[in-house]
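Labels run A, B and C following the written order; every chain starts at residue 1.
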Amino acid sequence: MELSAILLQVLNGLDKGSAYALIALGLTLIFGTLGVVNFAHGALFMIGAFCAVTVQRLLSLSTITIDESKTDFLGKPLQIKTPYVESWFGESVGNALIDWSVPLAIFLTIPVMLIIGFVMERGLIKHFYKRPHSDQILVTFGLAIVLQEIIKAYFGANQIPAPAPSAFIGSFDFGSVIGMGPGKLLYPYWRIVYFCFAMLIIALVFAFLQFTTFGMVVRAGMADRETVGLLGINIDKRFTIMFGIAAAVAGLAGVMYTPINSPSYTSGMDFLVISFVVVVVGGMGSLGGAVLAGFVLGILESFASMREVIEFIPGINQVVIYLAAIVILLARPRGLLGRKGVMES
Amino acid sequence: MLGLSRNDFLMLLFVLFLVAAAPILLNPFPEGSSLAQFNAGYPDLMQRFLIFGIFAIGFNILFGLTGYLSFGHAAFLGAGSYAGVWMLKLLTINVIPAIIVSTLVAGLFSLAIGYISLRRSGIYFSILTLAFAQMSFALASSVLQPITGGETGLQTNLNDPRILDGANTTGNIPAPSLFGWEMRESMQVPVGDWLWTFNVGYYVCAFILLIAFYISIRIFRSPFGMMLKAIKSNNERLSYTGISPRPYTLAAFVISGMYAGLAGGLMVSMDPLAGSERMQWTASGEVVLMTILGGVGTVLGPVIGAGIIKYFENIFSKINDNLLHGWFSFMPDGLEDFMVAVIHPFVGKGWHLSLGLMFMLAIIFLPGGFVGSLHNVFSRIFRKRAQ
Amino acid sequence: MTVALEVKGVNKRFGGLQALNDVNLSVDEGRIHAIIGPNGAGKSTLLNTFVGRLKPDSGSVIFDGKNLIGRLPHQINQAGVSRVFQTPEIFADLTVIENVMIPALAHRDGIFELNAFKPLRRETDIRQKAVDVLEDLGMKDKLDMVAASMSRGDKRRLEMAMGLVQEPKLLLLDEPTAGMSRADTNNTIEVLKHIGDSRGITMIIIEHDMHVVFSLADKISVLAQGTVIVEDAPENIKGNVKVQEAYLGGAH
């Protein structure tokens, strides 16, 4: 196998790995702080993705004028749609806004996800802290179905494309940069953006936990909730905020993923199961483990889908994540970076 | 009686009555009335009640007693289904070998997966079982196509070898039968406005469910069952008591896997088609929900839970706008449309929304499931009386 | 007199702490052997090495001619060693009688028995044994109570019943009377004495309460800073200078 082919698979694994890592990071934050297994986390990813669709639709809202002089292919007078943003800001600015609707959707996603997170935690999750994990799984799973169906009722069951800005369409030629010759190692621009975005979010979350007082209290709470409570610190309020942040991380992962995979109401569930595998392989409650496992499994998956590998071991692309999970869990009982005694009974 | 305490024997009789009379009990509304939509007394659905009931009874032996939450039991249901169809194809169209072999195959399969997965506990165990089941699903729908029929599924054909009875068939593909009684045969009895359907396959399922239920009660009340409860309660202490917990958990895992295989075998005996989607994690999740909704660790709960979920799935998904307009036609037009619009998202294609809401409400307000909550209510009433 | 348990050169280190330092002990068969010592002396750690909860870094624990080190907890129990835990480790969701029937069944059936079809009610012998032990400990009226709902003292007595019902060759008792009232303590002493005399069970008892120690023990080992400083008959322990030093010195 050529070096360029190997590098290509690593690159291909990065974007999926980024999505896995971001979802798993949020799951771990929720589990580590609140001790809750959140099966609705995939749905939060999906809602984030639909924020992009919403922004796209809002920006494309148009006035319709009828041009009597021309006719469309049915022979009716031609309808000309002019998006409001074009009539307000001029054609070039308006077009650019519509073109950039996916990145712009970030500004909608953050407040929306924070609110959803707060409401979810205060309204539902709060009542399940002391209930068994199986109850938490079931109630959040029910919530995930409800959220999914609401989205389906509004947006329909089909995938809705939400393309990247046209500036990012096309691929970056890594091959010519690192001297392998042009065309050997092409990687779409948007995937580079997604990876960098994911790294930025991960860095921000870690920096927030590491360098702020708030983060320090939360980390202390993750290690020993009772003691922190005894110190007279209101840990619950902070945990609510952490839930909001975890929801926002999932939403951001979803919104920026839309150009890579057009969202549909099931996209959350597709990611959920794998994300749980990622969290467990990383080690329950370990933030670093979640990120590491996300990338490891994403890259492994990408390698396994190479033609040469599939010819060698048929079907490996479908099972590699699960196979890796089994091997890792048998070799390392608590996952890659897990601690003892978390969720073992 | 039958080695059961009085209460357990009464419960068994109760289930016997419910199951035997289901074709009548589940059709309370006259045929052709506007509420006939809520009748569940047709063979296909009633068979599902029982088959998923068996699946859930078995799952409860593992999850309810030991507390080990498997997310992979659908794999055993699927393995049983494939084994069952192969028996119908290769050996005979009689369902008995299919049912027996599917149970055994699922037992072996669960022995292998359980042996490895039980090296871990808690969520790590759950994820291992999930991983094995997802692998089985992926392989069944792709590489193992020669055995599983891939995504189209595995079904019986006219030219199957059927070593024991292949020569007798010409014309249509033979339907699975029990010594000549075809599973799909039904007797329809109209009584007044009501129509009752008594189906052969249903009563075969009913007979097997009763046996499965009886065995489950015996396990619950046995020393073995007590050890399983002790594992859930304090696994570590058990080993300082001279008991090795792992063989006990493994035995429970295999028994519940065999129940799943039995359910799979029955499923293909009723309808000889096995698809890989039966192994997907959503199917595993369904049995978890049935068990929890009905009442984890209660003998009767899983059967009830299976019934509730299958009822919702089938009845709610069939309600459409025409029907809704029919129900609300007595209202003024505007109100009628409004009511239809309000209910519309919850039924038909949107029935999942009702299902999701039902889970949430049940978990929030009925911890311990239906049976557990009923039990609490009763014991509270009786305690008050005793005081 | 034959030796029931022989502990030779047991060492255990936790990071920088030498928890057990070359511990040697010999416990005579049919006798009650008390291990005393100041807090942190390593008493519970030592007991943990006997039952397979902790693996010592070196040394051997010979019971009945077999080395217990490296064996799993259930194997050690099946060899005839039962432990009564300091903090009650009971099956909280099960009833009192079930809690006692489990160890009794383990004693009869071994580490695994697929006894899935016989109703528990029909295990009359096992049940009777469990009832007898509970009666000895004054818990006959609580058979069907859920263990979790009992008082702390009752949980401790239940712990004791779970150990006694196995008729072990060696019974390890980790502060069996801590937290009990004086009356319950005296009752427990009587029960243990009675069992020691009638069945000849060897017992190792860790205890802070000197009243209990001197009422029961045939021999006392004093553990300080992970090592046995004195092993002698009770009457010789009281005036021992080394023991006084260990208790008083350990307080500094």
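The rule is short, and it goes like this: a contact is a pair of C-beta atoms (placed from the backbone, for glycine too) under 8 Å apart; a residue touches a chain by one contact, two chains touch by 3 or more.
Being a predicted model, the structure only gives us computed values, none of them experimental.
Chain B has the Cα centre that lies closest to the mean of all protein Cα atoms in view. Across the assembly, the mean Cα position most removed from that of subunit A is the one of C.
Centroid to centroid, with C-alpha atoms defining each point, subunit A and subunit C lie 54 Å apart. Centre to centre, using the average C-alpha position, subunit A and subunit B are separated by 35 Å. Centre to centre, using the average C-alpha position, subunit B and subunit C are separated by 47 Å. Residues of subunit B in contact with at least two other chains: none. Residues 3-5, 218-219, 221-227, 229-230, 232-234, 236-244, 247-248, 251, 255 of subunit B are the ones that touch subunit C when the two sit in their complex. Residues 37, 124, 127, 131, 133-135, 138-139, 141-146, 148-150, 152-153, 273, 276-277, 280-281, 284, 314-315, 318-319, 321-323, 325-326, 329-330, 333-335, 343-345 of subunit A are the ones that touch subunit B when the two sit in their complex.
By the touch criterion given at the top, residues 51, 53, 72-74, 77-78, 82-83, 85, 89-94, 98, 101-103, 105-107, 109-123, 162, 166 of subunit C touch subunit B in their complex. Residues of subunit B touching subunit A in their complex: 67, 69, 116, 119-124, 127-128, 130-132, 134-135, 138-139, 142-144, 235, 281, 285, 288-289, 292, 296, 345, 350, 352-353, 355-360, 363-364, 367.
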